[in-house]
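Letters A, B, C and D mark the chains in the order given here, with residues in each chain numbered from 1 onward.
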Amino acid sequence: MKHLLTTTVNGEQVQEAVSPRTSLADFLREDMGLTGTHLGCEMGACGACLVLMDGAPVHACLVLAVQAEGCTVETIEGLTETGAAADLQARFHDRNALQCGYCTNGMLMSAQALLAANPDPSRDEIRDALSGNYCRCTGYEAIVDAIAATASDRAALPETKAEAAE
Amino acid sequence: MKLDGEQFLNADPQTVWTALFDRDVLAGAIPGCESLDQLSATEFAAVVKLKIGPVSARFKGDVELSDIVPGQSCTLSGKGSGGIAGFAKGAAQVTLTPEAGGTRLCYDADVAVGGKLASLGNRLIGATAQKLTDAFFANLSDALTPPEEARSA
Amino acid sequence: MKLPSFEYLRARSMEEAWALHSEAGGDAVYLSGGHSVVPSMALRLQAPSRLIDISQIAELRGVSLADGTLRIGAMTRHAEVLADPLIARHAPLLSQAAPHVAHPAIRNRGTIGGNLALADPASEFPAAVLALRAEIEATGPEGRRLIAADDFFLDLYETALAPGELLTAIHVPLPPESRLFGFDEIARRRGDYAMVGVAAQADVAGGVIADASVTLFSVGFTPVRAKAAEQALDGAPLSPESIARAQAALAQNLDPPEDPGFPPERRLQLARVLLGRVLSRMEPVK
Amino acid sequence: MTMHIGQAARRENARRHLAGRGRFVSDLALPRMLHAVFVRSPMARGRIFEIDTSEASACPGVVRIFTAAELNARCTPWIGTLGHFAGMQSPPMNILAEDEVLWTGHPVAMVLARSRAEAEDAAELVMLDIEDAEPVTDGAAALRPGAPLANPAARDNLCYEAVLETADVDAAFAGAAHVVEASMTFGRHTAVTLEPRAVIADFDASSGALTVHHGTQTPYQFQDVYSRHFGLPEGKVRVIAPDVGGSFGMKLHVYNEEMGAVAASLILGRPVRYVADRLESFLSDIHARDHIVQGRMALDAEGTILAMEVNDLTQVGAISAYPRTSAAEGNQVIRLMGAPYRMSDYRGRLSVAFQNKVQTSQYRAVGHPIACAVTEALVERAAEATGLDPFEIRARNLIADDAYPHVSATGYQFEKLSHQACLAKLHEMMEPDALRAEHASLRKQGIYRGFGIASFVEITNPGAAFYGVGGARISAQDGAVVRMMPSGDIHCAISVTEQGQGTETIIAQVVADQLGVTPERVSVTTGDTATTPSGGATWACRGAGIGGETALRAGRRLRDRILTLAGALVQADPASLRLENGAVVDATGAARITLEEIGRIATYRPDTLPDGIDHSLTVAHHFAPTGYPFDFTNGIQGSLVEVDVETGLVRILKHWVVEDCGRIINPLLVDEQIRGGVVQGLGPAFFEECQYDADGQLTNGSLADYLVPMACEMPDIEIAHIETPTGDTILGAKGVGEAGTAAAGAAAMNAVNDALRPFGARLTQTPMTPLRILDALDAAREERTDP
């Protein structure tokens, strides 16, 4: 039996009938057409499917769509539209911190959450935050560099400094 | 994977031997046994449901006794298919030795799983096999222990 | 890898949860974070006919101090365990264990209650609650009971929870000032299942150890109390000699099962090495 | 004028991925599309008695369930042999197992349903009755007389054997002052692309056209394969490879499942989608390596390498992969042995054995890591035996930079390499003396660090000598169509493909320079057989060297065409004109006419042009390498590790690479290719292994159990370059994709062994797991206490 799911995806309230067995990832990809959320292992080991659920990165493959009832979900498409991660995306681009692009969604989600919680992470802390994100192409260093550079950029912004001081 | 062990049973070798060939005793001893149909003196068709943590599978297969040296030793083997989960098989060489007050049962088992169970269960396959083997012989021991002793123990 | 069909029901109260569970006749699973249930279903390793979502039940939430114990609600997520100041102050082994539990995103969803109820022998929290001598609060239609951690983990993935009973909270006795804590694990990669792990605490007053509590994980069917090692420590000064005796005593309580990938004697060897390191680096609450 | 070749241009197509706008096959959904799930053999070897699909067929959503009889009839079998591998055998392969199952995971039935979930529901209910048989799991045992057959359709278990030797090997060993030996085992591993294999086959019966959306490196190869094996005219087959989520050689082989999707679409006349899940990937994507090698090296008293002798046993699965075979890796192993070194004599023996496991075949740096690890382990032992420093022994033996052209003892022709310059550069970067001093002082605190180095030669830019000579229909040439739009913007459609390496970016850079525009004005299309010319595409490091040269030559032909037009328009000798900054300029550098103006006239007012002038602004050019059969590149790597001798855990602290890939088109992309490659070398050195039990069961077939290298375990990687362009092409670029992978594992193993030297322990098997390290330490301890 399908459930009527009410949730907020990228700022839009959606109501959709979903089957309980549908994962949040399949719901986003197939019902919402948000294919920027990728599936790499469907068991929580690769990090390609991370989305922000109530602001925190979660594996969309391990969450049932029905569990997102009343939650806010943000995908890479949403982050792009709001511009919230534009500087991070730009640094990834500058540093060529992606090749095939399949892991990129998850990397950006982990990075965004890390920088929100820890605006000045060390390289080891960045690597630790990415410990559940598999990338087969880059060797990770460029991704670490891009995140470190974004942290420096944000630290140099006067308004971010003010926020941090509050 | 190889497993071996032994169990002291509170019954004489002949009683133990008879029990090993007894459908009801086997059905009670095989962990998760849902049904056990006797096909011949030494062959049984079994349905076994196992639930171990996040894994639950129903196996259909057979149990057989072979290499029989009456009263002393035999091979107890079984294999079952768990559908898409894969299959499991095992054989235990069982020897009985009389000992004061009962029988020493020694087993030397080789167990294997295949298919998805093999590719996903590696981390705990040893512990699972050990647990099930232990449970089988413990159940057998319980079946051979007179009820009043079991209560007082 | 898609889940088989099932019925999904959301319980608003414990009473509703029990009723929904009992109605399913043993074929229901409680869903809290879902990070064990969902993947095992996607892998089609289990197919319960009903999942009962308990995440909305208020009694399962929150971390609080009362009557000399710290109560950690079962729905407390791993990330909350990691960040919670009360836990850091009164149950530091849990705070130390949390960063080793999988990866950040998993920790945002997984719950401590779900983790303990699963009782994976390689998992960190079961060993930590055992070392903390915590009690597990279980609530069912018959009422509420507290189960000593020592009596909770029975066998491989088997706990003392009765069918349908909910793990509602963890109660941790407040530690004295003199208590030292240590936690570590050896894993191939960050966040992997540990090859072996140690959670330990001990009261060291006047240079003498009392009430040592040493548990190991990923060494057997359940987390294992190393009682002989505890005895080797109690009454002795915390020194290389007493640590060596504790390491030597490990074999009395540890009998790692056969493992095609890692022989039992190697696991015991690693357990000794790690125990030595953890004991020599124990620290009081910061 | 600014040259764009050599600039660190960012990848335009990366922006889409960063915005979540990638277009992968796994993202695509077509109307009426069916989802395929395969039912697989749970055992490694067995005979099929019955496949009962009755219950499964009745499941909701199920449209059809195929078994071998119906599906295989639609497709001719494929045979993975090459003509130039004399005596090679491999039995024919079909989509579904007919009587015998040959590996755990061999597909036996195909379920088609309206959703993947429903197809999986039904697959659970397909009942298999397979009698299991003893599998062949050990390649050495498989080659003994009387061994059971891994594949009953084969003559025996020997897929292929070869010997390569010079005349005086035995004499060289007999007269050697030092002979060092090594027995080494290289585990099986696999590509683990983050996007699994994905295909949507869409046969339109009304037009007889088959369109296959296929996550592959080599669309033209598959156009040919689908055309021939399904009996379709080539012109009716279109293969589209959009964004591909990683490939590394894994996605250019023919697989049962993709062939099954095409067959099912042909039968049903509907789109059929197959996207492997991760568990299926481990059981069906090609595996790689799985070698057991014995090697020895002869040296004179001064430490000069005289000769090498190696035996390589490659264990490949129950058939040889198609169309590149499973023997090419072993063939490359025995030919790359000792490649960086001046050495006059050599004997290499190769045996390729069938076994009941997943087929192995070409994966990134085919054969390189094996040849490099064996050679460099022997060089390290030679250094110990002769008392020479690791840098010194290499300095004495690496081919001198002025000694080219050089022919290796295995017959490879090297045009020009730079081993000595790379070695000197690495020495400067690593500062080994400082490292040694630091390690000595750390050892006093019980901390064991070590470093290791490894020189390598990489094969790039292969011509037809690779496969074509063996009869394989694998293109050795590439093609480009370059056109100028009316606006003066440029478009290039090219046969080399993009999987994130930056192919489209470097092609834009190359074309831009030929036409005097910025790369932003050059758009590039790849990966579609209907819109790009046919070619070999991207594998074995062809993208830059062959694809780049193709684009360059096409660009120059268009340039000449434009200059001719411009000459007519501005009344000048075309030879006096050139293209710069989007315009035609004369010898003084003065702009005479813009590209836009030429485009406008040629497109909208060709009537104003002189009679007979060719005003077409589109040119096509195909290029096949000539000259040397391959462009070899070279380099050297260094690795620094710390071994926890109590737990066997290794921390990789740092990695260095000095690499010479000829002309560097884009240093940003080159460096990231190297870094990614290094990590794909370090992964198998420490973590990755497809573990099989004695029953042929893969026991770690998930991403939780198969350990891929992750961010915390990988080091920062420092890179430097030496640039020795090839003279075979105008561009001078060679490949770089395999370089990182080629030597990273070898350097890491030498580093681990350096750290363990105080204990006399030595690792000879990959991956170097904690257990193997502890075992090595124990073995060394026993050897010392029990002489």
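Rule of thumb we're sticking to: contacts are C-beta pairs under 8 Å (C-beta built on N, C-alpha and C of every residue); 3 or more make two chains touch, one makes a residue touch a chain.
Here the structure is a predicted model, which means the values were calculated and not measured.
Quick check for you: compute each chain's CA centroid and the global CA centroid, then name the chain with the smallest gap between them.
Taking the mean of all protein C-alpha atoms as reference, the closest chain is D.
At what distance in angstrom does the C-alpha mean of subunit D lie from that of subunit C?
44
Using CA atom averages as chain centres, what separation in Å is found between subunit A and subunit B?
Distance between chain centres, rounded to whole Å: 49 Å.
How far is the middle of subunit A from the middle of subunit C, if each middle is the mean of its Cα atoms, in Å?
The mean C-alpha positions of subunit A and subunit C differ by 29 Å.
Pull out every residue in subunit D that's touching 2 or more other chains.
Residues 117, 124, 277-279, 691, 693, 699, 702, 704, 710, 712.
Among the residues of subunit A, which ones contact at least 2 other chains?
21, 42-43, 128, 131-133 - these are the residues of subunit A that touch more than one other chain.
Which residues of subunit B are in contact with two or more other chains?
Expected reply: 84, 116, 120, 122-123, 125.
Let me make sure I understand the interfaces: which chain pairs count as touching?
A-C, A-D, B-C, B-D, C-D
Please give the residue numbers of subunit D that touch subunit A in the complex, ascending.
So the residues of subunit D in touch with subunit A come to 10-11, 14-22, 24, 26-27, 29, 117, 191-196, 243-248, 277-278, 499-502, 668-669, 672, 675-680, 702-704, 708, 710-712, 714, 716-717, 740.
Which stretch or stretches of subunit C touch subunit D in the complex?
1-5, 43-44, 186, 188-190, 192-193, 195, 260-263, 266, 269-270, 273-274
State the interface residues of subunit A toward subunit C in the complex, per the touch definition above.
1, 3, 19-21, 23, 26, 42-44, 47, 50, 53, 56-59, 61-64, 66-67, 69, 109-110, 113-114, 128-129, 131-133
Inside the complex, what are the residues of subunit D that reach subunit B?
Residue positions touching the partner: 39-40, 42-43, 104, 123-125, 127-128, 279, 282-283, 691, 693, 695, 697-702, 704-705.
Show which residues of subunit C lie in contact with subunit A when the two form their complex.
Checking each residue of subunit C against subunit A gives 1-8, 10, 31, 34-35, 38-39, 41-43, 51, 53, 55, 79, 102-106, 108-109, 189-191.
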